[in-house]
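Here come two complexes built around chain A, the first alongside chain B, the second alongside chain C.
== the complex of A and B ==
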């Protein structure tokens, strides 16, 4: 008989990494027509980071995503970046980009101020214009200002900056300290169906509510959450690298190493929890890794809810779930650690 | 190779090699591009303000049309293909490596062993991993030699003809066994290569205040990232002594420094171009074949490419740490956590890689997003003679989350408290102090619990 159950997993996760500094640097150039070029040392690894980073530069300059072209990942040409790691790109590289874009923008303000008869600090960049705060009728197209900055004033609008998250070293004995600048939070809830006769688990649906601070690009945040859950499903019920007695892997191929395909994916209901982190670029934190964290716990708790069998040892393969249903004891908990 | 293919003889001059290349080259198939030339942009890309827009990715269209150039799609004139000879034994001393038969093979341009690498070690925390093992093998996937040849097939065949003599050593695979240090993976160093400790409050007092004590041991498995694109690089050494590497590496700045170290070269003589990466998930956060390819390119004067097979992706790249996690938690009758003690043992595999960071994150996060005044978390990472473990999406967090959230569920069921309510009672709030004493900001644990519960229909569901 197939039985259904529900279970939740809740988590927290830091943005950036500890042990050593993890800075990023960036350069933003505003072209004579008001478009911009962003130069960053980070690598696009499929998550859409270059799109998000372009949006951050665009926002600071008051232009659109499409107005920013992103050049990345060439050590001869691009500034240093600690890399696409530790869910840090939006937060750390994003902060560096916002600071670099601000420097370029300030050059535009210096140039535009006498043209508009105001002081630079009275100006803002919005809707592809440099305009007077509180009096947007007094404005100049950003391209006109950028062209004048370069060809008239002789001060082309560009800026470079770097950012490193502020941390406090941890005490070696107690671990007390501030290892990370900020954290994100999330909850995932799974509904599963467990076949009591075979132990097979089908994950029916997962509701996921994730915090990432401001969602710079909600579509890409949702994509990250969906992808992270697929890895979580694999960890929960399918994936495992196995070794023989001589330390050689016995399933180093996709025939015998089973991972989720689109057919294994549950229905996903994704929510972005509204939040704003004052230390992030426009309030953003990060989202890459946290998406894969809570899934296996939620699924195993749902298995327990369905059939009363607790899984202590991942993955919850059909064999293991069936054994747990049959024994309903804690036989798979025997792998105790030696006494201290 | 068919019989009628002209091959260079043993004393292959560059001319002979060139002819071999030409004979073996497959007819070039130039597919005309069948895609609409006009681009399609969504409205969101043109909107201001830019932040908050569901802007499409400019690379998405290229992926969809099959126009993205991954390293496997990139080719240069006279490019060679490299393969690596894998040890296949998990712990052994290397007595000798005989490459003569491989070097004599027609179509083979160069063979490289670890002895030729200026500084034959690397690693982001400890430099404990050889580029090519030359004295000792630490796990079965270790490379012991690299071959560059005019085709991948010849390079692979040449690898089979390399003879390595091993003196087998006693291996250790189980991290708990390794903890005893009876068999050392990297002698004279202890197998326990990284530890972390978080201590807060008074553990004994906390357990004394509890009405219930919950104890459990949880464990997780070794997992591979399985990116669609395996690790891949092309190296080109130029006549000025500068090397350019096109690589699937996800962190080029630090990677360049690592490569400079192994090659004993100034950083400004190395250029890394990060290509479009077909999935990383933490697995491409360190250098792999790049130094060997650079040296093969120097030896041959030709560009050299290597793309991992799917099997190599499993046996020779980093993986997710298996964890053994011992949890003891004190709870009052009304479900408030008074104390938690955590011990984590990580199977660190043959090399440190990103284990130190993984261990630290796991230890810090191991108590969960809950207010716990009395806490002790200790974590140990162990060398074993298995595939190295390293960075993978979540850096130790998915493992500890499985443990702390499973135990939260056990507590809820035992005390008859709804799992949602139990978490709401204990969850961090704005200004909570983390296990390391950090005052937390922009905390929305409870909001995420409520939002997910509402979306799921947690409360309406009568189960």
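== the complex of A and C ==
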């Protein structure tokens, strides 16, 4: 008989490791046509980080994301980056970019202030203009200000900055310290169907609520969460590295290292929990790795809810689940046996 | 050597290759059509999917000699100089791909489905994509894009 169950998994995850140096750097240059060039070492691997980083630069400069040309991942020409790792890019590289863009913007303010007859701190960058706060009709196109910075004032509008999350060393005696800059939180709920006769688990549905600070690009955040859940589903019930006695992997291929296909994926509901982290760029933290953390816990709790069997090592393959159901049945029966 | 003459993306092409050459190697190494990806080379991952006489197949599992006289459509055959194919556009609009390695195969599988079945259910789409492994996306946004492309191809929706 097939039985259904629901289970929950909750997690927190650290963003911006600080136990060792973890810097990112960027240069932002505002061009005479009102576009900007962002130079950074980080690598796009499909997660959309260059889009998000371009958005951060654009937001700081008051221009459109389409106006930002991103040059990345060439260490001959760009700053070195600690890496597209540890769910750090939006947070660490994003902070460096916001700081760099702010420096370029401040040069534009210095140049535009006498042109508009105000002090630099009375200016803001918005709608592709440098404008007086509260008086947007008093404005100059950002490209015109950049051209004047270059050709008139002689102070080209560019800024370079780096960001390294603040470090509090771990005390070797107590283990106390501040190993990470900030944290994200998530809860996932899984609904499964377990076949009691075969132990086979089907994941029917997963609802995932994730905090990532400000979701700078909600569509990409959703994509990260959906992808992370597919990795979590694989980890929970399918993906297993098997080794022989010599330590050689006996399933080093996709024929028998089984990862989720479109047919294995449950219906997904993603909920991005709005939040603002004051240490992140425009309140953002990170989203990459945390997405896969809660899934297997939620699925194993759902299996327990369905058939009362606890799985303590992953993946919860059909044979492990069936063995757990059978040993539970034995111990249930023993409860009713008279003591000798 | 095996002599092969086939139609690739509407154009007749010929090559002379060793008999053990797969269709995938023929496409990539002889005709430099590198859009079809070499992933596992044993038919597990679907990154090499192409359409042969209207049916999606793993190009790594077919010999070049078997496609003599047949019609092959690869990912390079979908877009024109002016425009992407509606399925490609939908994949872009829905952010359906991340690293993108599986993309050509997935899009070709989707085209193979929509050519045969213009109004597929979600289950039919899942079934059609089940031979294409994706490590990044969880497939959700791909399925949504195929549904959207189907609406556009049926003329129920304007292309974005």
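Before moving on, here are some points about what is shown:
We adopt the following convention: the second predicted complex is superposed on the first by the 327 of 340 C-alpha atoms of A that agree within 3 Å, B and C clash if a C-alpha of one lies under 4 Å from a C-alpha of the other, contacts with A are read in each partner's own complex, and residues count from 1 in each chain.
We adopt the following convention: a residue touches a chain if its C-beta (ideal position, glycine included) is under 8 Å from a C-beta of that chain, and two chains touch if they have at least 3 such contacts.
All of these numbers come straight from a predicted model, not from anything done at the bench.
Shared-chain residue A:153: touches no atom of chain B or chain C.
In the superposition on chain A, A:74 makes contact with chain B only, not with chain C.
Shared-chain residue A:268: touches chain C; no touch with chain B. Within the superposed three-chain model, A:230 lies in touch with chain C and out of touch with chain B [touch as defined at top]. Number of chain A residues touched is higher for B, counting chain B against chain C.
In the superposed model, A:115 lies in contact with neither chain B nor chain C. When the two complexes are overlaid on their common chain A, residue A:48 makes contact with chain B and with chain C alike.
In the superposed model, A:5 makes contact with chain B only, not with chain C. Once chain A of one complex is fitted onto chain A of the other, the partner contacts of A:259 extend to both chain B and chain C. Of the two partner chains placed by the overlay, only chain B lies in contact with A:17; chain C stays clear of it.
In the three-chain superposition model, chain A touches both chain B and chain C at residues 45-46, 48, 219-220, 228, 231, 253-254, 259.
Of all the residues in chain A, the ones that touch chain C in their complex are 45-48, 219-220, 222-223, 226-231, 253-255, 259, 261-263, 265, 268. If you check the complex, the residues on chain C that touch chain A are 40, 42, 44-45, 95, 97-100, 125-127, 129-143.
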